[in-house]
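In order of appearance the chains are A, B and C, and numbering begins at 1 in each one.
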Amino acid sequence: MEPEIEQDRANDALEAETLFDAPTMAEQERMVEAVLFASKEPVTIRELMSRLPKGCDALQAVEQLRNRYEGRGVRVVQVGPAYAIRTAPDLAHIMQKETVENRKLSRAAIETLAIVAYHQPVTRAEIEEIRGVSVSRGTIDQLLELDWIRLGRRKMTPGRPVTFVVTPTFLDQFGLESARDLPGLKELRGAGLLENRPPSGLFGGDETAEEQAELFEDADPAQTSG
Amino acid sequence: MEPEIEQDRANDALEAETLFDAPTMAEQERMVEAVLFASKEPVTIRELMSRLPKGCDALQAVEQLRNRYEGRGVRVVQVGPAYAIRTAPDLAHIMQKETVENRKLSRAAIETLAIVAYHQPVTRAEIEEIRGVSVSRGTIDQLLELDWIRLGRRKMTPGRPVTFVVTPTFLDQFGLESARDLPGLKELRGAGLLENRPPSGLFGGDETAEEQAELFEDADPAQTSG
Amino acid sequence: MAEISLFPTEDQSVEDRLAAEALIVDVDGFEGPLDVLLMLSRTQKVDLRKISVLQLARQYLTFVERAKELRIELAADYLVMAAWLAFLKSRLLLPPDPTEEGPSGEELAAHLAFQLERLQAMRDAAARLLARDQLGRDFFARGYTETVTRVRSVNYSANLLDLMQAYARIRTKEEFRPFVMDRESIFTMEEALERMRGLLGFAGSWTDMMNYLPIEWQGEAEKRRSATAATFAAALQLAKEGKLELRQNETFAPIQMRSRSEEE
């Protein structure tokens, strides 16, 4: 947490004590409910705190609200560091009217997306190494435009190539709480399939492969949710 | 209630008996909840009936849902012949943020911003030189006000002009971890963002690109996070 | 086990051949050589870890041969892969040469198997990802967003693509000016040749090439660069003509030259 926020909270606590009592937890829950209902986009805890009166505990209120909606027609879901209300997936069949036709993604785009999600942060060269074919210009553009991927940190390898990581929008789209919840992530990692083994000079020199593997180990998978 | 609807309901009930059982009332309530939540407009009983499975009693489900939301942060309200979920009126004061108007940044502003991001720390005169046109005060002010750029160190040149650098808010807005992660000219070209190449790289064009890249490498990353 | 799955053999029925030809036309549909290999490996119907790379290499080479016979244009990477697989095949078949450097045939084969398994894993992962409940298809966001109060604030939006495109636009602007020759800072090879021919007679001993740059071209970086390039090109031309000799002691060391005419 940044010192600035710490400071804010300290101030909040002070003001709350001196000026008025914070609303009851039931009241806080109502407020969180209203805010989450009013927004299409996930709302971060930080944003909730800024909108609730001083002295509120937004996180606890959200958790309580989440429990309350368990099993209902809509539910509280976590999307990275934020929360949103979404309809229950089992009711998809009565929601045809709201269904939006998504642009069909090409096979290349889908594979590229999966590689970014499972291997992030990943460079274009690494995507190409895994797919064994060059990534066309439009593919990356399309994923950037959908706001499903974004630029991550540059890699500390020669040329300092840019990397790609997935976004909160991606998490929201696929109903994931964080990139850690990707299906089969553990199994793939266990099977060594997310490693970037040195290709022993196979197709095109990839001297960077080893360094990349290290970098990946260091990378915090939570960074997309942070 | 209109006689027509009565008739529909009678028909539905008949069909339900002959074909299959209607969902439980709890289930019907969940469905109504999801539909009211996801719909842009208030939904009529008639429309609800057409979306729920045969044999459902939409009216009763709506009434039950309305009771359930009694005293919560949102409520089921009747709008003419239709129903909708709306924020409880006593919470209006925390709903202010929903009325933000989205406007695209002007071309001058986005170009100025791009130059600051790529060339920081950069003076106003340098921005004008790169853009080839003068930069209005309003443009700089707007970017300052948005907290996307801020004043950097004064330059150690005659007149000691002020410089501009990008802010953490900027990084946040554009989903960057640091300004160093911005793609260089070559990468922009690789990504197809620079469609048109000069007939040949003979005169100057590419040379400046390289110089730019160098300049970029030298940029101090600390200053964006400061 | 079937040797060829993609191409017809002579005794196949017409339907079989038609089906196979449909596949051939689909070469365009393959996403590169790894994709073809993955497809071929399916005929082995085994765990990708236990795949016979040797057999796969044979199948791939047959695939490329057939494509050639049928005059299908294969992209360069397909041919590169064919060459590499032919090399791998020979490594796998011949007893290992202890003097040979680099990874063994088995290591190369194991890596290829790993690559195939990894690609297949990513495809499966992509399929699983797409099979998940999705926003706007299986679950939905709020349809109506509240506009209760009249507090209006303007939110200026711009995304990374806008930013990058703006920058790209500025940086390429100068590339679109009318075509003019900027000759001011260009020292041509012709000029350099002319100058060097005049100076050749005095070049008896080894002299740093940079000394041949006209004095007025030695200052400014831009001019010096152009003059250096032109002088170097001219020196190569003269060396080719047998009029001078060039030497360089090590990489990036000064290039020295001297006239040859005196020795003759």
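The criterion applied here is as follows: contacts are C-beta pairs under 8 Å (C-beta built on N, C-alpha and C of every residue); 3 or more make two chains touch, one makes a residue touch a chain.
A quick map from chain label to UniProt name: A, B = Condensin subunit ScpB; C = Segregation and condensation protein A.
This one's a predicted model, so the numbers in the text were calculated from it and none came from an experiment.
The set of chains touching chain A (Condensin subunit ScpB) and also touching chain C is given as B.
Every chain gets a centre from its CA atoms, and the centre nearest the mean of all protein CA atoms is that of A. Centroid distances built from C-alpha atoms place C farthest away from chain B (Condensin subunit ScpB). Chain A (Condensin subunit ScpB) and chain C have CA centres that are 33 Å apart. Here the spacing of chain B (Condensin subunit ScpB) and chain C, counted between their Cα centres, is 37 Å. With centres defined as mean CA coordinates, chain B (Condensin subunit ScpB) is found 15 Å away from chain A (Condensin subunit ScpB).
In chain B (Condensin subunit ScpB), the residues that reach two or more other chains under the touch definition are 34, 37-39, 85, 87, 95, 98, 175-176, 182-183, 193. Residue numbers of chain C whose C-beta contacts span two or more other chains: 140-143, 145-146, 159-161. Residue ranges on chain C touching chain A (Condensin subunit ScpB), taken from their complex, read 31-35, 77, 80-81, 84, 102-103, 107-108, 111-112, 114-115, 117-119, 121-126, 128-130, 132-143, 145-146, 159-161. Within the complex formed with chain C, the chain A (Condensin subunit ScpB) residues making contact are 37-41, 84-89, 92, 95, 98-100, 102, 107-108, 110-111, 113-115, 117-118, 130-134, 141, 144-145, 147, 150-151, 172-176, 182-184, 188, 191, 193, 197, 199-203. Per the touch definition, chain C reaches chain B (Condensin subunit ScpB) in the complex via residues 140-176, 179, 181-182.
By the touch rule above, chain B (Condensin subunit ScpB) contacts chain A (Condensin subunit ScpB) in their complex via residues 29-35, 37-39, 51-53, 72-74, 85, 87-88, 91, 94-95, 97-98, 175-178, 180-183, 187, 190-193, 217.
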